[in-house]
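Presented sequentially are two complexes of chain A, the first with chain B as partner and the second with chain C.
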Partner chain A sequence: MVYFINDIITGALIGLLYALVAMGFVVIYRASKVFNFAQGELVIIGGFIVWFTTMQLGLSLWLSIPLSLVLAGLVGYAIERIFLTKLIGESVFSMVMVTVGLLILLRGLVLLLFGPAVRPFPIIFPLKPLFLGDMLIPMNLLAGGIITIVAAVGLSWFFNRTRSGLRMTAVAEDHVVASSMGISVKGSIAFAWVLGAILSTIGAMIFLSGKSLTFLASDIGFAALPVALFAGLESIGGLILAGVIIGIAQSLTTNYLDPLIGGSLGSVVPYIIMLAILLVRPTGLFGWRTIERV
Partner chain B sequence: MDPSGIFPTSYRADRRVVRTRWQAAALALFVVLMLAAPYLAGGRIIAVLNMMMISAVIAVGLQICTGYAGQINLGQAAFMGVGAYTASILASKTGLTFLLTIPLAGFSAALFGFLFGLTAARIKGFYLALTTIAAQFIFHFAVLNLPSSWMGGSNGITVPPAELFGLRFVGETAQFYMNFAVAAIMVAGAFGIVRSRFGRAFVAVRDDDVAAGIMGINVAATKATAFLIGAFYAGVGGALWAYLIRFVGVDQFTLFHSIFFVAMIIVGGMGSIVGALVGVFVIRFIQEIVATVGPNIADSVSFLGGDIVFAGMNVILGGVIAMFMILEPKGLMHRWNIIKSSYRIWPFPY
Partner chain C sequence: MICKTTPGLRGLMAAGAMAAAAAMPMTAQAEETYNLALLSDFSGPYADIMPIWTGSREAVFDWWNETSGKDLGVTLNYKNYETRYDAAQVASLWPGIKSELDPIAVVGLGGPDVAALSERLPEDKIPMFMATAAYGYAWQPDSWIFNPRPTYSHESAAFLAWLKEQRGGDEPLKAAIMASEASPAYVDMAKGLELYAEEHPQELDLVEVIYTEVQPTDLTAQMRRVARAGAEALIIQTNTSIVVAAKRGLQANGADIPILMSSHNGLPASGGALGGLDQLEGDYEAYGMAVAADEDTPARQFYETLVAEHGLEAPWSVVTAMGISQGLYTVAVIGHAIEENGAEGLTGEMVREALFARPITAEETHGFLPTLTFTPDAPFPLEGLKVNVGTVRDGKIAIEATGVDVPDVQKW
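This part shows the complex of A and B:
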């Protein structure tokens, strides 16, 4: 029974990590109506930036973490300037395809710049797990869960309550209408990408803390995809619930069903949930329902 | 666009694929050159042409699904994989002839694609693209985790050579003719599909699905059909691939390969069968150059190792996709059509 509860708690915390990465998707979507397929590559780039500032430059964590976040923000800004500014007002298809192009472009660049070698990632959160009776909870996931909840609450307040957040929401509705109302579409998209890159870097720190860093870690981007869809692409607060549900489902499948069938069903469970949710309720749990007008 | 004053006088003439004598001559020349290619060119070029023809079948399928019907499909490599696995399992376990395994591979891939196309009844736009990504992951999972006696697991399956009346299709030349025959049939079929009732329904759904529904087109069925046809092409291409490589493994059908196919139709031009062929040629040509030049660079810059071809290809393709989307979103065919029509109507502006 203790193990069962422990599995549930660990699953929920992993789900919150997915939610944090998924928050990158949602923030970019909420402020620009672009679905960023390259989110996993942003996580990797964030990871390499953190690795570079701590391991290569030898800075202390107190210095390197803020520096990494600033650098990640710059990368996000650069991507937006080079690729997405020019596509404002173009079809959704163009924008989605550009992020698909970015996905393989960034993957290739990371491989060219850093090679396929495995690198140690700095230990940002204590390696020693937290013991609660017989249960043990990894510190990085626990800290990550708290960060996720704080970030979700903060960002959802920002997007739903503040004036600049609501402006970005208008951009997500329609680029042309928003810009004719005097809202800077460019500024909104730029902000979204900076924020998305920073969130990805935080995700990378939590995910990779004390582990090894290779370009394969970008798979977390696709693992986070079902969470974003389950919550609904417009809802930041909903990510927490969606992440927890998917994380628990995955953890229970991995620990109880996989030994029975002798496979790794756990890695596919999020996608099965995603397909189911797309069929039953395409807008996700808390997404906006769009009404089609002719 | 025809010059002013020249217009078809019958419906038949309007539907014609080969419209002028020059086009007929160019087509005939192309076919003759292709048939003679094994005698004219060296083994390396034939190997590349084989690759191009297989990719052409798959890219044409994707063109119908994405270019004509407007359904973003990032799972074409998974559909291709289903076809490749079907063909290799049938060929290695039951010993069926390739005349049967290739169409059966197409049908099984079509069924798989149709299942994901069915989701189109409820969702549209890039949500649909996400279900095709799920197809990619589920395919990967199924192959790796089902009992390895079924699909070979991570070991893959070795495929026996294609055989007809005791004649074995081994070696690049024999396979070249097999691939050419299949590719020619499939491409001709694609021309037929896109100018049929289905093709017009695809275009209507792509341009505005609400309006298409109002005009009496069953939108959900049309989208699912588009997936079915696109996946059928991918399955046939996958079967050809299995016979060419004689080995299938799950790593040959990843999301990255799907993106390669998307890159082909973007470069060539959306909504044009010839565009898909042009895109296949351009992308495979670039790939060939990277594969030739890459190892030389890898020798001088040693820390990169053997991944440079993959990495370089990713950088170039990603750059090409982004560049085309920003600068030439309608692809090379669009540019060619502009040049062609301004040449035809010269010296008049229209």
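This part shows the complex of A and C:
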């Protein structure tokens, strides 16, 4: 029974990590209606920045972490300026296709700049887990869970309660109308990409702490995809619940069903849940229902 | 069109060097020239070890051309093809490879090559020579794809039998295995060992079979289960990232359970990813091939020859040993085929027949491989199977055991 409860807790925390990465999807989507297929690649770019500042430059974590977040923000800004800013006013489909191209480009760039070697990632969170009686909780996941909840509360407040956040939502509705109302479309979208890149870097630190770093770590982007779609692409708060549900379902499947059937059903379960909810609610659990008057 | 690979090329290789190299003129100095198609992964999961692997096998082909090939009047040309370790990519490349090279043999990489080409090669009558251990799902008679080593399950079963013998006692050895459905080969590793444990309950008690992703988020809880089940060994023949995550999980639990790795995710690769070989002190790698330890062995001496005289730049490691052994048994079979049929008009079919005609001796492979006796019954030798065991001792790779017998593992 203790193991079962422990698996539920660990699953929920892994789900919150997925939610943090999915937050990058949602922030960019809420500001531009663009689904960023290169979100996983932003995670590895962030991971390599942390690795570079810590392991290559030899900076202490207290210095390298804020520096990495700043650098990641600059990368997000540069991506938006180079690839997306000229597409403002064009169809959303064009921008989405650019993110598909970005996925391939960023993966190639990482290979070109850093090579394919598997590298040790710095230990950012203590390796020793937190013991609660017979249960154990990995420190990186515990810290990640707390960070995810704080980030979700903060971003929900930002998007729903501040003028800047509401302006970004207006930009997502219609670039031309937002521009005509004096809102800086370029500025809003650029800010969203900066935020998306920073969230991805925090996700990389939690995900990779004390483990290994390769360009294949970008797969976490695909793991976070069902969480984003399950929650609904506009809902930041909804990501928490969606992440916890998917994380627990995946953990229980991996630990109790997979050994019986001899297969990795755990990796499929998030997508089954996602498809099931999309059949019932095409906008996701907490996605906006749009009413159009003709 | 000899396209030489060096470790320094790394990612650039995949980007375009091969395309440029394809335009290089043929270096046909001997009377007869035959082509080999080399399948490689410079941008997929094995991109980290590929430059070393392919550089090593190419060095063997260069060595053979300058020695035996010259005597026989034959030059072997070779060309690398980037497959990204993807069966679909291999399948789509194959018609082009065949029409461009008309190879007498393919030098393969891993499971996706087997999945993509196992039906095509018998029709095209071209054999493929692998370097890795074999797979249970490809354990069929009349194969055109060959492995110098038995299946991963044979290798892990041999290691566990050896470990039990070292431990002493009659009770079965308790072990756990990590698997992943990311690749059919990873599932295969677990399936074979599960069957072996089922059929040999007095030898092995498989206490946990854990499925995970190829880049696991966290394995602390899973490693606690392994420790609490009393596992005396943890088998991880999948990839380096799973070894790292499992090791961290064991360390977090204060558990000291030896990990067995294979050749493609062996001690140097996993140690590098963990930040140093010392992290793997007391862990093992076991496979049916020479261990790349610091000791002076015939295999090491041959490696030094390749470095000194044939431009090999790869370090002495298990991946280098894998590339060299693959190259050596490939050229040994081709040499046999030429001796049987003459240098002219050699075909893939003749090469395959030569493989069955007589054993490839350990001397021919400079001790990298045991004597290999192939039969049409299986894609790997069914008799005389041996594995070698390496470990980390005082921060260095050392040979722990050689010529360990492989127990009887039934087909699954």
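One rule holds for everything that comes next: the second predicted complex is superposed on the first by the 291 of 294 C-alpha atoms of A that agree within 3 Å, B and C clash if a C-alpha of one lies under 4 Å from a C-alpha of the other, contacts with A are read in each partner's own complex, and residues count from 1 in each chain.
Rule of thumb we're sticking to: a contact is a pair of C-beta atoms (placed from the backbone, for glycine too) under 8 Å apart; a residue touches a chain by one contact, two chains touch by 3 or more.
Remember, it's a predicted structure, so these values are computed and weren't measured experimentally.
Under the clash rule set out above, the superposition-derived model of chain A with chain B and chain C contains a clash between the two partners.
Touch criterion not met for A:186: it reaches neither chain B nor chain C.
When the shared chain is aligned, chain B and chain C each come close enough to touch A:116. In the superposed model, A:81 makes contact with neither chain B nor chain C. By the document's definition of touching, of the two partners only chain B reaches A:97; chain C does not. Contacts of A:108 after superposition: both chain B and chain C are touched. In the superposition on chain A, contact is made by A:138 with chain C only, not with chain B. When the shared chain is aligned, chain B and chain C each come close enough to touch A:267.
By the document's definition of touching, of the two partners only chain C reaches A:17; chain B does not. When the two complexes are superposed via chain A, 111-119 is the only one of 111-119, 165-173 or 327-335 in chain C with C-alpha atoms clashing against chain B.
According to the touch criterion, the shared surface of chain A, contacted by chain B in one complex and chain C in the other, consists of residues 108, 111-112, 115-117, 263-264, 267. Contact residues on chain A toward chain B in their complex (touch as defined above): 35, 83, 86-87, 90, 92-94, 96-98, 100-109, 111-112, 115-117, 222, 225, 229, 263-265, 267-268, 271-272, 274-275, 278-279, 282, 292, 294. By the touch rule above, chain C contacts chain A in their complex via residues 10-12, 14-15, 42-43, 45, 47-48, 50, 180-182, 187, 190-191, 194, 208-218, 220-222, 224-225, 240-241, 244-245, 248, 251-253, 269, 272-275. Of all residues in chain B, only 70, 72, 74, 119, 122-123, 125-127, 129-131, 133-134, 137-138, 141, 144-146, 210-211, 214, 256, 259, 262-263, 266, 303-305, 307-308, 310-322, 325-326, 329 touch chain A in the complex they form. Looking at the complex, you find that chain A touches chain C at residues 3, 6-7, 10, 14, 17, 108, 111-112, 115-120, 127-129, 136, 138, 140-141, 207, 210-212, 214-217, 219-220, 223, 254-255, 258-259, 262-264, 266-267.
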